[in-house]
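If you scroll down you'll find the structure; I have some questions about it.
As written, the chains take the letters A, B, C and D, and residue 1 is the first residue of each chain.
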Amino acid sequence: MRYHSDPAERLNKKQIAKYATKFLKNNSIINLGIGIPSLCAQYITDPTILLHAENGVYGFNKFANEKNINPDYMDAGGNFLETNKNMVFFDSVESFNLIRGGHIDTTILGAFQVSKNGDIANWMIPKRGIGSIGGAMDLCANTKNVIVTMEHTTKLNEPKIVEKCEFPLTAVNCVNKIVTDVGVFEINYNSIILKECAPGWDVLSIQNITGVKVKCDKKIVFMDIDNV
Amino acid sequence: MIGGFGGSGGQPTRLMLALSKKKLKGLTIIGNVAGISETTGYGWPKNIKPVDQGIFFRTGIADKIICSFPVPASQNPKSPIENFWHNNKNSVEIIPQGTLIEKIRCAGAGIPAFYTSTGVGTIIENNKETKFINNKKYILEYALSADYALIRASVADENGNLQFRGTSRAFNPAMATAAKITIVEVDEIVKAGSLDPNNIHTLGIHVNRIIKRRKNDIYP
Amino acid sequence: MIGGFGGSGGQPTRLMLALSKKKLKGLTIIGNVAGISETTGYGWPKNIKPVDQGIFFRTGIADKIICSFPVPASQNPKSPIENFWHNNKNSVEIIPQGTLIEKIRCAGAGIPAFYTSTGVGTIIENNKETKFINNKKYILEYALSADYALIRASVADENGNLQFRGTSRAFNPAMATAAKITIVEVDEIVKAGSLDPNNIHTLGIHVNRIIKRRKNDIYP
Amino acid sequence: MRYHSDPAERLNKKQIAKYATKFLKNNSIINLGIGIPSLCAQYITDPTILLHAENGVYGFNKFANEKNINPDYMDAGGNFLETNKNMVFFDSVESFNLIRGGHIDTTILGAFQVSKNGDIANWMIPKRGIGSIGGAMDLCANTKNVIVTMEHTTKLNEPKIVEKCEFPLTAVNCVNKIVTDVGVFEINYNSIILKECAPGWDVLSIQNITGVKVKCDKKIVFMDIDNV
């Protein structure tokens, strides 16, 4: 994917997902939202990382083969799961105790907009007028480490990282990191800090498609997308 | 209340079909993911035509829904609940999933209200009481009960004790405690004492009626 | 936090004995029935000398207790906690049992406060916020967490998932979720995957350390 | 037991307990406090009545033989239980969900004092200054049907049914019925209504040892203590 003013290709969804997994710590428990985040699962190779789904399971790592599905083993995105010896099942009360209680270490989710103070809007498009909240508000409001994976701009190349979200918010002041198709950003003290650029990208090109002033570390690193 | 999570596992599909055929009006439906399987296939095996909570809005027996996930991400084709919403904007109440399940749990647990940080700073906070506790803002949320819970379990014993399999537990146990009458659809009924008494997921005192499904029902 | 209910079943007796020998000062103990077994035999087989939470007050490593049942019905002989209370009246906090367990559960579940009707019109209501909900009065109670939970389970798997037997479950699972560090004393440790994944009473992510008891320990 | 002014013997503790079981409905779930109430268990013959204990069990009916005890099977009074096929175990959270949620039909407990508006004091003797609450406040505040079993007076023959409790309260306005060693009483609209007298007792003799004006039904019935 490349707009005419882009200095290089943007990453594809799989590359974004794969790169986001670089930021997961071992022995941690992770919740993956629908869309790009759900693609992360296949790139997590550390067996000490446990995947959690809102509907009452953690410890899964693979979707079931289509010929061998069982509706009793599903993730929150509606995908059927292959069972393994580390999986545990529980009800929705306990599942959200884990989320609200801060027992989930990291949540990776998509977004329509993220603001420089870490607000996220990911559940409703205003012109549609209705949307689905699901577990997103609980996850964003209560997880220690919130990573957003998304394309850097809308299809019209409009910024999704903005001064202030115009879309209805999912949670305030919660996003720690954003992995997009052009770079990796941290949110710190009300600032968007560019940490890594996609190959061939530079600060100025990224600034041009970002709705807020982007701060930088002394030395910008290129995303090493082949070695995650 | 309709148990399960959304999708086919843990959903009381046979009870829902039976309910949808009753000559009723004005039902309020409480569920989680609701009405998106028919258009998207969410949580259903590919070879079976999905049944979901949209059925109550297509047939018109319901006129309100309280849920967390009523519409699919894709805007087209429109789901029955989105169509209903267009003319009944105040009759679709969308609640964060964790708040929804805790409201239901609290109804069964005698807790009339609780504080949560979920929804702070969003439209969920509108018109709600809030409180700062240890310098953090929380929203006061109230218990949510129902007249009936239709739920789905894997196995019941003669005392009404229930067990669920895998992720099919979801909203079922909490709903069983929060309704005046709980009706459960099960695959199997076994003798009292044949389930491990340490591993009962829903206590029999919450269960009022048990319906056993036919073996090899076309719905999972 | 010290798990169990009171009595020998579900109590982490070996961890308590080990803790009581540490050179520590100023511990706050959170438990349910606390310190009455030694004088009354409550919940202990007759042929074994009881160990209870009074040990922390006899040895002086604790200087506060939060519990629901700190003294036996009979006034004599005095229990260690009653003796401690005589000189430290503000350091024995007595909480209704249902409120105590829900406060602990809420600490693990991210709910900072909840309303309950328990204690309305009693000294429990003193200096607390109250609210009328549907014309009934309720007390606002706050979550209660701890630095450490010492708990006791029947079996653990290699992932820290726990199962309990009979009434020995009690306060153990909630405490495991509400402490920064949870240490569990178990009879048996089994391979990952050997416990039924539908019947895990405490999820392994809440467990930080596991101590296996010797076979045929003199304490039950 | 008989004080010098008594017209007849007072019932003993076992008789009080046995008589209280007359008021239990079938298919109900019951919690028994310590003291006289715990004696009720042996007189409950209806198999549809389930006994609940705060520590996480219902469906038990017998204490274990002393030679065959297992600390994993206990009631809230610290008695060891014999197992049976109707028993179910759960944790303290769920046990108090049952109590607070109104799923327990009847609780039978002892008391130091009961007032005419149904207040109960049963957890602390003021001159001792410390007492144990346990599950009593939850049970009294949340159970539909609260039955008090107690001796009608203190050892000094002072009334325990009073205008206003002087002892610290356990809960307000909750007691429905009192079974004592001289009679059965209901509390209704701020009145103590005498429903049955112990054999040989009459309204006046009961009034003499009661701290409030006792109202009566037209016809007082004698407690049929042999046929419960």
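Here is the rule we use: a contact is a pair of C-beta atoms (placed from the backbone, for glycine too) under 8 Å apart; a residue touches a chain by one contact, two chains touch by 3 or more.
This is a predicted model, so every value here is computed, not measured.
Chemist: Between A-C and C-D, which chain pair shares more contacting C-beta pairs?
Modeler: C-D is joined by more C-beta pairs in contact.
Chemist: If you average the CA atoms of chain A and of chain D, how far apart do the two points sit, in angstrom?
Modeler: Chain centroid spacing, chain A to chain D, equals 58 Å.
Chemist: Could you grab the centroid distance between chain B and chain C? Build each centroid from C-alpha atoms only and quote it in angstrom.
Modeler: Computed from C-alpha means, the inter-chain centre distance equals 33 Å.
Chemist: Could you work out how far the Cα centre of chain A sits from that of chain C, in whole Å?
Modeler: Distance between chain centres: 39 Å.
Chemist: Could you give the separation in Å between the centres of chain C and chain D, each centre being the mean of its C-alpha atoms?
Modeler: 27
Chemist: Give me the residues of chain D that touch two or more other chains.
Modeler: 83, 89-90, 96, 99-100, 142
Chemist: For chain B, which residues are shared contacts with two or more other chains?
Modeler: Residue numbers touching two or more other chains: 102, 105, 109-111, 116-117, 164-166, 169, 197-198, 201.
Chemist: Report the topology of the inter-chain touch graph, choosing from line, ring, star, complete and other.
Modeler: It is other, because the touches fit no line, ring, star or complete pattern.
Chemist: For the complex, which residues does chain C have touching chain A?
Modeler: 105, 107-111, 159, 161, 177, 192-193, 197-198, 200, 203-206
Chemist: In their complex, what parts of chain C are in touch with chain B?
Modeler: 102, 106, 109-117, 131, 133-134, 136, 138, 142, 163-166, 169, 196-199, 201
Chemist: Using the touch definition from the top, list the residues of chain B that touch chain A in their complex.
Modeler: 5-10, 32-33, 36-37, 40-46, 68-73, 75, 82, 85, 89, 92, 94-99, 101-102, 105, 116-124, 154, 164-174, 201, 220
Chemist: Show which residues of chain A lie in contact with chain B when the two form their complex.
Modeler: Residue positions touching the partner: 34-35, 53-57, 66, 69-76, 78, 80-81, 83, 89-93, 95-96, 99-100, 119, 125, 128-138, 141-142, 168-173.
Chemist: Help me check something: in the complex, which residues belonging to chain A touch chain C?
Modeler: It is residues 29, 50, 58-59, 83-90, 94, 96-103, 142 of chain A that touch chain C.
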